[in-house]
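Just below sit the structures, each encoded as structure tokens.
Presented sequentially are two complexes of chain A, the first with chain B as partner and the second with chain C.
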Partner chain A sequence: MGYHLNFNLIWRHFDKLWGGLVLSLELALVSIAIGIAIGLTLAVIHVSGGRIVRALIGAYVEFIRNVPLILLVYLVFYGLPTAVDISYDATTSFVATLSLYAGAYLVEVFRSGLDAVPRGLIDAGKAIGLTPWQRLVHVRLPTMLRITLPALSNTFISLFKDTSVASVIAVPELTYGAQWINFNTFRIAEVYLVVTSMYLATGYAILLALRALERRFVIGR
Partner chain B sequence: MLAAILYAIPFLMQGLLTTIVVSLLVVVLSTAIGGLMGIGLVYGPAPVRWLVRGFSDIVRGIPILVLIFFIYYGLPIAGLNLQPFSAAVLALTVFKSAQVIENVRGAIGSIPRGQMDAGKAVGLTFAQRLAYVIAPQAIRRFLPPWINGVTDAVKGSALVSLLGVTDLMHAMQQVIGRTYNALPLYVLGAIIYFVINYGLSALSRMLERRFSYIRE
Partner chain C sequence: MSVLDPSSGTPLLRIRGLEKAYGQVTVLRGVDLDVAKGEVVTVIGPSGGGKTTLLRCVNFLETYDKGSIRIDGEEVGYQDGPRRAMRSERDLARMRAETGMVFQMFNLFPHLTAAENVMLGLVKVRRKPKAEARAIAEHWLRRVGLAEKLDRLPSELSGGQQQRVGIARAVAMDPKILLLDEITSALDPELVGEVLDVVLQLASEGMTMLVVTHEIGFARDVSNRVVFMADGLIAAAGPPRELFGGAIEVERLRAFLSRFGARV
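And now, the complex of A and B:
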């Protein structure tokens, strides 16, 4: 015992943590945007596609969901460039990984969302003479988005927490900022107290904002 | 490539053993602790409910990786110096307990209140009501999400490699450090994780179908 908490060094390097938090949020935002694009596209294809296409999408979803994120991060950053002639920096590589990861979870979310659109709405679209494409864009997708909004917010919050894994390939997000301060000041306990509070506070702020958005837009089942 | 894989297999199996031991310990401990806390959350007096609710909300708001570092690096100032293995198991148990609490809450919440009242009416004690009335019905709702959560324990256990515990993930890293042949190793490791977790989620789906008759 006899350890005295001393936060002075943490505040002196707080820019590392603040910058890290901003980058964490950016990583989560970009990844969910790309993830939504992947998820929407694949969900629509899955609902209307043939058996082989469905099996391929299923394989993608199951592979991503059953392998640890840290392994996917290593696989894309260290593994892929040894086989294929591509090169990218750690941040790009992580965004690609997290987007593919988010996409796999969102395909399932959107697929069940599309299933939950009431038949009567689609029939009503048919009755007023909308083409299948118009029914998709003007009836099924908007309704589905409002149904799936709570699941989308949960996914976004987990993605924000998952950005901490980017520290293992030295992406300077919040957890990496914590490690940087550890190595340079050895104020290990203090930095994790601060960083944990930052994750909690940010997570709750996002949660409250998204819940307000849900109250405005979500359709009760 | 085949030679690289054959060379790696014994090391990976050693690591896999640690991954399985860590996951099993975490699942057993968290089910016991989370189960008790979950019952406290549903039936406990107000202070117990607040404590459990606070614990669960805080733990679920922290990334697992940060939780692991926090427990490994932060607890020593409270005079608790844990070995990497124990710190890893403790951190994952805390994380998984919060999940089990929510599983328990959901499972018990799905049972009509009248069941508890009926138990009271025939003169069963609280423990008897829990054991003979609530538990047999709640277990069907509890099992599928709980087994699905076991995959989170297995996936989360890959993070303990960062504390230097030689699990499957760390064993892969070590072999890659010697052979510089990254891709086949990562793919092989991914397949091993996939087989374990896909098996678990298939079991979860099977149980869910088996118990689907209780859907109202």
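And now, the complex of A and C:
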């Protein structure tokens, strides 16, 4: 039976894929940056706040973690503008969604990291006369970041892969690029082979970079 | 025998009727203790007797329930006055900076080099410029024999070296009193000497110290006064010669010391 792989049509539209990959990385990067800001802030509030704030943060985390990402994407892009009178383009909408999604996972990572900072280090910070804020900035956060780096790496890679969900609202990232080429060339096997390799290579490159960072920063023992 | 050092009117550290409980468990049951400026007082005693808790209260790493701890006349942890209100965090930090603490498990900041560990308090608490803080850190690290290790991370140092950084970090802040809690008990036996030598040196230079130790020989050598603590109370106290020489008739002390028989 003769299905012959033919990549010519793929190469002709490769700019769609390349541009898609660049956008995927940008989506991931921006969402991770905003997610880190959300996660760090809420984690710090959580470990020092009262019952009510803790419950609110917990509700946010549980909501995000128990609703499929694709549904969140639909909710924010189609649902929210109907409910309240705002409008935004698909890319902005997706970045907002993925940022909130990243934030929820990162709160958990940072919170457990803060809990894992040894008591003795906090005592040592107190003993030299650091104020609570100074202990947070100079002792707890740096120690926590090193404790959580391996977990962070995993979260970042997941978030990069999750950018593919943006294709459902026609954000022209890598998966959407693949679908576009499919639709126009019908070289389905070839497209998915190429796109899979691109996700794989990029994901693996990110992993290697983060592992190098871990070797440099994770506290040796 | 008077608990007050005859050489000065008010002691630097003055503890009266100190009581502390963790939930239902009473750990300190009315401790009275004075440490004069320049004096080295060693606390010995069986495990669980409350030695660590006593030190942690002096630095207000633990709250206490009753009694009073004063350093240079200032109440530790609580505001003066009839109402027992906690000091503000800012005030607590200021007072903690006046007392140095060295921990059993070193507790060095793992992300900072030896020099940076010493510099952190100097820069952030004492508000020294970086260069001056660095010079002070180098001075103290050289004093504890670590001139070669300034820019090493704690994970690159042996236990004995880490503990000497811990001592440098505490004394660099120029504390009024240094609190040492079993600072050699996490070390391999061959590393104990290098750390105790540093402490002996500091003692000979007039550093005021309250030392918890299981090293009876060291206690004998370093102390002006030894305090035997058991069940949350000071059961015996006196100069090392009296305490270790059998002049003080306290059954628990005798039983405790007999375990160290050969070494006293």
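Things worth noting here:
Here is the rule we use: the second predicted complex is superposed on the first by the 219 of 221 C-alpha atoms of A that agree within 3 Å, B and C clash if a C-alpha of one lies under 4 Å from a C-alpha of the other, contacts with A are read in each partner's own complex, and residues count from 1 in each chain.
Here, a contact is a pair of C-beta atoms (placed from the backbone, for glycine too) under 8 Å apart; a residue touches a chain by one contact, two chains touch by 3 or more.
No experiment lies behind these values; they were computed from the predicted model shown.
On the shared subunit chain A, the superposed partners chain B and chain C are arranged side by side without overlap. With both structures placed on the common chain, the touch criterion links A:22 to neither chain B nor chain C. In the superposition on chain A, A:129 makes contact with chain C only, while chain B stays out of contact range. Using C-alpha centres, the superposed arrangement gives chain A a vertex angle toward chain B and chain C of 100 degrees, stated as a multiple of 10. In the superposition on chain A, A:120 makes contact with chain C only, while chain B stays out of contact range.
Between chain B and chain C, B contacts the larger number of chain A residues. In the superposition on chain A, A:208 makes contact with neither chain B nor chain C. When the shared chain is aligned, chain B comes close enough to touch A:188, but chain C does not. When both complexes are overlaid on chain A, the residue A:139 reaches chain C alone and has no touch with chain B. With chain A used as the common frame, the shortest Cα distance separating chain B from chain C works out to 22 Å.
Overlap of the chain B and chain C interfaces on chain A comprises no residues. Within the complex formed with chain C, the chain A residues making contact are 118, 120-121, 123-132, 134, 138-139, 142-143, 146, 217, 219-221. Remark: chain B residues 58, 61-67, 69-70, 73-74, 76-77, 79, 151, 154-159, 161-162, 169, 172-173, 176, 181-183, 185-187, 189-190, 193-194, 197-198, 201 touch chain A in the complex. Residues of chain C that touch chain A in their complex: 56, 59, 61, 89-90, 92-101, 103, 105, 107-111, 120-121, 124-125, 153, 155-156, 169-170, 173. Interface residues of chain A, counted against chain B in their complex, comprise 1, 3, 5, 62-63, 65-72, 74-75, 78-80, 82-83, 161-165, 167-168, 175, 178, 182, 188-189, 192-193, 195-196, 199-200, 203-204.
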